[in-house]
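Scrolling down, you'll hit the structures one after another.
There are two complexes below, and they share chain A, which is joined by chain B in the first and by chain C in the second.
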Partner chain A sequence: MSRFDRYLWNGGAGLLALLWVLPLLFAVWTAFHPSAYEANFTLSAPITLENFVKAWNAAPFARYFLNTFLLVTGITGAQFVLCSLAAYGFARFRFPGRGILFSLVLLQLLVMPDILIVENYKIIRAFDAVDTLQGIALPYIASGFGVFLIRQTFMTVPRELDDAARIEGAGPLSILWRVYVPLAKPTYLAYGLVSVSYHWNNFLWPLIVTNSTETRPVTVGLSVFATTDSGVEWSVINAATLMTSAPLLIAFLLFQRQFVQSFMRAGIK
Partner chain B sequence: MFDKLFKGTAAAVTLGLLTAIPAHAVDLQFYFPVAVGGGAANTIETLTQDYMKDHPDVKIDPIYAGSYQDTITKVITASRGGNAPQIAVALSTDMFTLLDDGLILPFDNYVKTDADKAWLEGFYPAFMENSQVDGKTWGIPFQRSTPVLYWNKEAFKEAGLDPNTPPASWDEMVAMGKKLTKTDANGNVTQWGVRIPSSGFPYWLFQGLVIENGGKLANAEGTETYFDSPEVVSALQYLVDLSTKDKVMEPGILDWGTTPKDFFERRSAMVWTTTGNLTNMHDNAPFDFGVAMLPQNKQRGAPTGGGNFYLLKGSSDAQLAAAVDFIKWITAPAQSAVWTKATGYVAPRPATWETSAMQDYAKGFPQVLVARDQLQYAKAELSTHENQRVTQILNDALEAAITGQKTPQEALTQAQAKADQVLAAYR
Partner chain C sequence: MLKREWIYGWLLILPALSLIFLFTHFPAAMTLINSVFSTPRGGKDAHFVGLANYERLIHDPVFWKVLVNNLWYALGTIPVSIALALLMALLVNRPFKGRALARMAFFTPTILPLIAVANIWLFFYTPGFGLIDQILGFFGFGQTNLLGTPSSALPAIMVVAIWKEAGFFMIFYLAALQSIPLQLAEAARIEGAGRWTIFRRITFPLLMPTTLFVSINAVINAFRLVDHIFILTGGGPGNASSLLLYYIYETSFRFWDTAYGATLTVVLLSLLCLLAVGQFFLFDRKVHYK
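Up next, the complex of A and B:
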């Protein structure tokens, strides 16, 4: 690659990065300044935390954060267990109907979850799980995407390792746990990130299936700021947005290297 | 240790039984949306608490359900899932949708005594237009609004206009707008004359223009639209001309949410927006402002907007009777005044305006009366069967004309043809 090419690449990447980060910078600017400076960028503008106080008090955010945390850890944990077992079955066992069953799982990738809202609601109600965290999580834990992704990774594991473990006397579950799961770590990390950020941001289904503060996630708290009838207060809404997305942003920054590496290896981009 | 634990549990159970017997004979769920700032959800919760204090046998669970859009999704999902709430506040224009899906009940079954009938007749007729069909009442007006014109008195003074006289007609609005539009040395406009926001749901403010122009968008039965009638087309022509010919309004799609901000920062000297903004304007406008009825062309006019109470199917008669009782209570003058003051919504009953609380409020803030006075000219907001699809067709046509992709005539003729297709099934 010539030097000119490299400048072009770096320049282009810088430009894209700037475009990507601009809304975030605007959010940070408005969140830390009084609302008079929303569209008025003077460096001497007074810095304030009042927007955060206002946002925090507009909804029971402490409880919402706890709920979201429990929800995403619960969903991701359950997805890991279920998807690993299913993926292991599809990757390494021969049984009648395997092809059809696997294509049914893949079919799930094509169906928009929003279409299923009413049916999911009926099922959750039959389980008497309306207005519970389990109720929010249940429709998502058998994830077709997760099964597919982990199966593909398991398929790349050399048979020889499997055989070696078998000779040592390991049963199927023990092979899964000691051979496949450790080798698929990057995939788990990548899939976990996708899943956590999806469920952290999910709004409509949790709103519909829950009714009380004790079960609702932060996105529901965030939605009280969408006041279309009376004009939007950008400074408060941006403070709330930063507040609710901060844990994810910070976690990503901390583990950035691992995430990027695992994405490269797992092939999700 | 075990003994102690056992005794404690037994005591708790006994206590629980004792307190459980007299209370909560009826449980109600109440879904509500929030579309204004300033703690509307808290006001609803406080009002519900007050009701329960007076009615210990009723337990109401007020459930925040997101925006209007989210609320209707939640209501429909829960109803189809066999878990309908008893009470929901949703857009008055969702009436046909809820009716077609067979999810709501008329209030008429619960309006028996003379006092009940007087209550039902005590709402402004403009608000009842969107609430009644086929001689039955399906919605009770609650958080209702109507668009008004806000004007910056300082800007009027600077432009040599009388700061206390807003435009009364379309022509005056254009003439004043021209004086109010200011450009800097480079020819960039620093202050526009007027702003009629057009993002998201442009049909609403546009409907104001149509009524003023002597036309209408749809019939009361929600089965016919008149998008290509001459009154509608020339109303759209006027709206488009404001930017293209008269150059008093910023061209392109104008955002709804930033309209108050735009007004505060003096980028527009006059804005059309909902009365739901009154409290926000009152608290945040850095200059003296006035509130006026929308200007007239052939007549005065404005659409109504906002949410109604609905009574959902799928509950026991005792629950529904209690639900209606609660709705009666919360729309009574004293409670309605609390709600109006907290949110800026127009109180939907003349009786509310006669309470001393509202009279004191209006004395300190006379602008609130404009919306009330405009109600005599107001008409029902556009609402048809398949309402979401039909309004979307009109919105798309309006946006196409505003952005100059189509002429008003072209856009509206096509929109009418599409709406005819959708509505043919209901005629």
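Up next, the complex of A and C:
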């Protein structure tokens, strides 16, 4: 590659990257400066945390964060258990109906709970779980994607390990726990990161199921905050926006490599 | 004879499978059934109405509007975000100073909630006061109202979706690019092939499985994600920026017309299945499997 080409190529990369990150930089700028500097970009502008304080006090964000935290850990934990069991069953046991049942599981990759909002709401109502965290979590805890991903990993575990454990007298569950789960750690990390960020960001279904502060996750809380109070300043809304994304954003910046590799691992079959 | 292995297998998959049935297959079937019944209202139970809901659908101008909107939305966001994702991947695949920063810049929008992304962009789009108008005003242009004008509301929303999605697809292309053996391009170069030819004849065809995977994801997302509409336009003005799932939400949870909501969901589901099957056939001949 010639020198000129390289400059052109690097320049293009830099320009596109800058263009891509600009919206976020603007949000950061407005959130950390008094509202007078919302669109006034002087370097001498005073930096302040006041917008964050205002946002935090204007809506019950502490509660929203707690809800999201409980929701995300609950869903991911339940997904790990349910999907591991099913993945182990599909990967290492032969039984009638295995093929058909597995393709029914895969169907969920296309027909997602995200789309079946009308009927799923009726089911949640029948369980009397409207406006509860369980109600938000239930449609998602058995994930076809999770079963598929973990099954693919379990299939690569050598059978000999399995047999050795069985000769030692271990039952299926203890083999799953002692042999398969430890060997699939990278897959669990990948699936966990994907699942956590998916459910941290999920909006439509929690919006439908919740109708009180006690159950709203941060995404719904943010939308309520940003749309009902028209009197709120931009800088405060932007502070709230950054606040709700901050935990994921910070985690991402710290574990960038794992994040990107996880998403890649989860996407490539 | 019932074998022990069978029972173990069934028991292991039972918990996950029953939940998947309960929240995917059962509601999908109920959607179909409820679409031929009426909405239960004020003590009156649902009764069989045949294809009346579908007849209403055919004569519903809003349905056609949001369907066409959604097709434009898919057509506008999918190719652009895939092309940008490929470009980004090619740009940051070679080592250069600041590569890590560039990758981060592309990928960061992906992990933000779509609701938060919409809030950030709303700040740009606000008439008069928003950043776009400030910049235009600086160059002497008048005020715009991108979100409030029927012709520009949908494109404005598409831009937001592309910004959020392209970086996500980039990482799949990056992974695929790294798995292409360098010898292939080298051999072609010795044969005198230019860089464009190498891309068109070697790199691009080898990326086809990734393109298939990414485009199926993109299609599903184009019909599944409507969060930003809640913040940016609320579907307006005059449904100009409403999408199918947003209309389903409005019908079912604002007007509580669940039977018609189910009918609309049937359309959405069949559309998704059709597109998924179509994509497989479209790409089938062009995908080079390893």
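The definition used in the following text is that the second predicted complex is superposed on the first by the 217 of 269 C-alpha atoms of A that agree within 3 Å, B and C clash if a C-alpha of one lies under 4 Å from a C-alpha of the other, contacts with A are read in each partner's own complex, and residues count from 1 in each chain.
Throughout what follows, a residue touches a chain if its C-beta (ideal position, glycine included) is under 8 Å from a C-beta of that chain, and two chains touch if they have at least 3 such contacts.
All figures in this text were calculated on a predicted structure; none of them were measured in a lab.
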| item | value |
| --- | --- |
| Touched partner set for A:Val130, first chain B, second chain C, both or neither | first |
| Touching partner for A:Val224 - first (chain B), second (chain C), both, neither | first |
| Which superposed partner A:Ile117 touches (first chain B, second chain C, both, neither) | both |
| First (chain B), second (chain C), both or neither touched by A:Ala58 | first |
| Partner chain(s) touched by A:Leu254 [first = chain B, second = chain C, both, neither] | neither |
| Which superposed partner A:Asn211 touches (first chain B, second chain C, both, neither) | first |
| Which of chain B and chain C A:Gly89 touches, first, second, both or neither | second |
| Touched partner set for A:Leu106, first chain B, second chain C, both or neither | neither |
| Contacts of A:Glu233 with chain B and chain C, given as first, second, both or neither | first |
| Chain touching more of chain A, residue-wise (chain B, chain C) | C |
| Chain C-contacting residues of chain A that also contact chain B | 39, 117-118, 121-122, 203-204, 207-208, 223, 226-227, 234 |
| Of all residues in chain A, those that touch chain C in their complex | 6, 9-10, 12-14, 16-18, 20-21, 23-24, 26-27, 30, 39, 82-83, 85-86, 88-90, 93-96, 98, 101, 104-105, 107-108, 110-123, 138-142, 144, 147, 172, 197, 200-201, 203-204, 207-208, 218-219, 222-223, 226-227, 234, 237-238, 241-242, 244-245, 248-249, 252-253, 256, 259-260, 263-264, 267-269 |
| Residue numbers on chain C that touch chain A, as the complex places them | 3, 5-13, 15-28, 30-31, 34, 87-88, 91-92, 94, 96-116, 119-124, 129, 131, 134, 163, 167-168, 171-172, 174-175, 213, 217, 220, 223-224, 226-227, 230-231, 245, 248-249, 252-253, 258, 261-262, 265, 268-269, 272-273, 276 |
| Interface residues, chain A side, partner chain B - complex | 35, 38-40, 58, 117-118, 121-122, 124-125, 130, 203-204, 207-208, 211-212, 220, 223-234 |
| Interface residues, chain B side, partner chain A - complex | 29, 34-39, 41, 61, 63-67, 70, 73-74, 76-78, 80-83, 145, 200, 256-261, 265, 273-274, 276-277, 279-280, 284, 306, 344 |
